[in-house]
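Presented sequentially are two complexes of chain A, the first with chain B as partner and the second with chain C.
Right, the complex of A and B next:
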């Protein structure tokens, strides 16, 4: 039944084949090639670029999470920053060290990383029921309110967060006895800090990307899509709206929590103002620019948006009217250029390429697939 | 008791700013079914135009404000034409996200203008206070309440009696039918954004005329009008006004009493009190106090 026809790789003889993780030979080969190349990157690229890519890959985990709730299930969430913040602080409190200002329990990563995800997921479970009562833009504004309430809580809980302007350190990254914050020989390879962190982030990204893809292609994912496309119709064909909307929020928040804990473990010191509305907008930008309701799109978008700071720095070298400090010289500073690029890119992509980077990729692929014909 | 009344008066005047902004949100929502997250930027831009006309060019306050309103309205129309008209018929979520992009761009540009100092407009005799029975209010706030009242009444009359107002109401009810009746729906959209831009400019002017003036962080004020429209109901004009005033009063009451009554909520809880109020209202009434319930058709 599941036999394949020789020489006809695109013919599928069963539903399972159609829904497989990598359902075409081309996808199989290119994915393997991509993973191999990714593992070689840390040995070819300079350390400062590696850090940018590392943070991009960790953000990608959160972007996949947001894509589950906003892209697949169609529930607009501006509250992603709140869940990321919850994860970051859970990780920092459980995995960090106690000092004069803040508490920390110094637990290993096997405890704080899952805990960060679970705490955020529980918060998502609590928000879920509100989401069930509300639709569309009402939900967007309520989740926006969540960010402001969260911001207030993070500011006030000084023994946990360090408070505004002070902040605290993230947890220590030690996996299997290997400290990601130090350089040295691992398994016969001399790895610098950035190389270790890059490889760690890559492994986590692969795990969560496969997890996300599996959720999306399973019955749960199809229930999400049904709710997004028409919730009344979904309810009529037997999709339990309450259950699946709550699930979408909980799953997405789990991803967000993991991202928060890992991201700030790599960054080091962070303070409550990091989890404002801008962070939520950045994550929305990641999935909109990358491609809504695609896992690979979310990854592309996350890496692209995370590199935007670096890209605008490079632009500043080239264009004389952009100053490289935050002072008042020049027409725009680097930070302002970065922020303006978010805005402009969101507008341009939504107007001209609503399917994002993934859409561009699809068009390029289809051009060569159909070559020399145009369709 | 005096504290209480003073808080109510302060809240009422601050609430007038929220009400003006909330009216702008509702205008745009009713016409295009989109929540414009660009309102904070429109408020700042409008306020800065007024600032430029009065403090930099030396025009009298009211003339400067009138010019500021016109400029705010024009900016609103430009935003609608460039960023939103091409997306007509796309999902409202997409349009809402585009307005976030517009907001970021406009705010960065205006931050360039603001710089590090705060931009303050001189209101004629603005800091003189009128006092009645221990409760006092500044001239500037009286002006704000008066302008808000005039704006609300003018809008109500406009919608009730003018042909254009009727066209706007028809478009809000059903775009296709309105189009079939010969209403230029595109012009209605532009007008809705112009009105919203003008209202935001009034709010911005009075923010700039307040004690703190316009700073790079002042845009947060406009986001507090979002709980106001949710509390009032997204598509209700009187809901926007009542919601805005309610948010202002709740904020002022929390600022006065929360440090003594419930200190465990932390400093500056009043800043997020509107959002807390919004959660409570939504749990009881998911479509706000005056919003129309959505009817599901299969």
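Right, the complex of A and C next:
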């Protein structure tokens, strides 16, 4: 029986209402508004900025994945770059050009994209059991080992990856006959390449964000949180540690694989050195700065970190002592500034705002939510 | 009267006409579980059948000792359907009062909520020969530990009803339809500020009069209440005011009743349900104001400034409304619209008052400051007057004709006059049938012409509104021969959020003094703000700073009073008054005699300085 009381969202008559994805009218309204605005962005923003946002949104999928394993399940992973690399090469090999010097099978996106996720997920499944035996710092170091293993494999498998300094092209982005790499009229709209890619990335982000949120708010997500908060206690209340830790790694790796394949399809050419420790640290920075154990935080963090290069460029315009290219005089180059910003931001956020950008948002929201009181 | 539509008959009619409509909700484990009219009547008729199978006869008394919950209404309707009378006990009643009420009423069956209430009854059950059965609602702590043969679980009780209904279908309906208007429907025990509680007898005819006044004459609420109105039931159901707002409005006009999770969560449940009709006793409204003050004092600077500005505006709006009997001017409307965005809407939403279209205060005098606070933030707030003995129907303020400080106009169908001594007399079909087992008290209350002597002193204001001065027996006559009404003075003190209780003393004395009880929450947070360390309530009352704070409030109140009415001295009560200790009645009214006896030394101390 539906017995909701009109205009009184706090009157819950079933637990489903309580756990709903958008359980308050305010959330419903703001989410719809946000999505509408997001779809309008490509028609209002210049193409170079669109590319930055596109890459940010694709990274967000990977950041959500890392947040599942590190934020929700509390298993610190430095191996995210390895899974992203696996996804990138699986996508590139399956979807790549058949005539190129490196291996390519020219398969369509609905084969290479899921395959990229699955291959990474299988690797995650293999790594997962390690997490069952290790905790905290030790787990971080073991996953760090993965990055070095991956780095070596990607460098040596030249027929697949092109090898260091050479690299290879990513897969072609053609969905439902629409080539994301070209400009032209689609569904009556004249869309440039960047606009198409932005919209595609937005759709993928929405799909994976909802998927991530659903994992987090389901029994699986609650099991993850239980393990994060205290694994012994979680085991006592009946959470199967082995199963859920392996699941966390597998799910997280799937997200990473998808990100890898999509990201380098948009970027174009990439080489094995991209998947080093720095990439893992970047993703950790995304969830730390965005907000640990929140989906929206992961998205905010990913877009912010991806825009950091652009932001330091803008700062360089304003400050005369920063040169815009490396080597040509000045106190600092843009790239140095970007690296410094990374470090400073991580330190500042961990000390002053450990809950990340999402924490800032919660504080702002609670300020108005509590109006006219403070608590 | 044919009584074709008694209380249970109305529920039955609604169960037939709108079986799927929602009659009430109760919050359990986080969910508001609905009860439809069909469920309601089904449960009530099971109770009725169970009573029949236990041999309850018309006119027998059945008692209910529980917090407000669905089963209270099921029992109330089931009991009246079997033409027995419901006797309600306050959940806070201590064992001796339970003994008095059960023994005085001669209840044959008692429905208790849980182990706590059961223990009270069992403690005194040796002195209750009439009590045959005890039905408990919550089995926790009872099952497997108690072996009293009179015990029965609620499920077993209903199963008994189901069995009886299967064996004798129609037996209850026949009993219900044989209802007569002079059937005793309920015994409402008065709070008993002076003596032991007296059981006021309300008949089916009395209730019928109330229902008709509510339905046909639209008493109290304009536009009349209907099926879309939400009520939160939280005051004790054995009190006549809550019975009107919960059971009778529900049966008569189909309002939906929402039961709070527990007494401690009322504030949060109000916020969830956002009722449209809300009744509160002054204590509740005062506590709401005090709560706002406490939470505001902990708010950020900007929020405090915002609150201060808009409360100032609201006071101005409130004064204008008071002066214009609750009608707006263009200027107040504009000010209110801006303030609505800035403060009033969010504040009301937080308090659970955002959808309230009718808020009433009654059962005790309320200070005008509290009324003005709520009127200022846009709450349509009305003071009403009534008592158990006239089925809560006497006077009420109505929309557009509000006079703060008065209890409003005489209700339709009611005769009201003020006699030579100033006592208010009422007469209508809802006048109670008398006190149970107490013909002397009955004779004192109802005179030969059917006028009810309310015991309240009042006067006419502008010939239309009634102003209550005080309880007749509380009027203070000073040694100088001056008649003074203590409740007005007490209320002007209690308007301060720091003061919870004020008892003005001065009968046959040279001047007035007061015993003052501070409000622990507000004074506690005030002390914390000043880094004043304290341990207990008693410790707090001995702090010179606190005495100074209260002195300031007393001085401010004195400035508004005539010279003979000023408080010359006061003492702080060293403890919070308590029902269990016999200092308060179940309705939180102060038992003056108990207090003056208990604190006689303090009182004498206040008069010691003045060598008379």
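Basically, the second predicted complex is superposed on the first by the 367 of 375 C-alpha atoms of A that agree within 3 Å, B and C clash if a C-alpha of one lies under 4 Å from a C-alpha of the other, contacts with A are read in each partner's own complex, and residues count from 1 in each chain.
Everything that follows uses one rule, which is that a residue touches a chain if its C-beta (ideal position, glycine included) is under 8 Å from a C-beta of that chain, and two chains touch if they have at least 3 such contacts.
No experiment lies behind these values; they were computed from the predicted model shown.
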Combined model on chain A: chain C and chain B, fit or clash: fit
Partner chain in contact with A:11 - chain B first, chain C second, else both or neither: second
Vertex chain A, arms to chain B and chain C (CA centres, degrees, nearest 10): 110
Chain B versus chain C as contact partner of A:372, first or second or both or neither: second
Contacts of A:25 with chain B and chain C, given as first, second, both or neither: neither
More chain A residues in contact [chain B versus chain C]: B
Touched partner set for A:106, first chain B, second chain C, both or neither: neither
Minimum Cα separation, chain C to chain B, after superposition on A (Å): 26
Contacting residues of chain C [partner chain A, same complex]: 20, 22, 25, 30-34, 230, 271-274, 295-296, 298-300, 303, 306-307, 343, 346-347, 350, 355
Residues of chain A that touch chain C when the two form their complex: 1, 3, 5, 7-8, 10-15, 18, 371-375
Chain A to chain B touching residues, read off their complex: 76, 130, 133-138, 140-142, 144-146, 148-149, 151-153, 155-156, 232-233, 236, 277, 281, 284, 288, 328, 331-332, 336, 339-340, 342-347, 350-351, 354
Residue ranges of chain B in contact with chain A within the complex: 34-35, 83, 86-87, 90, 92-94, 96-98, 100-105, 108-109, 111-112, 115-116, 223, 226-227, 229-230, 234, 265-269, 271-272, 275-276, 278-279, 282-283, 286-287, 294, 296-298
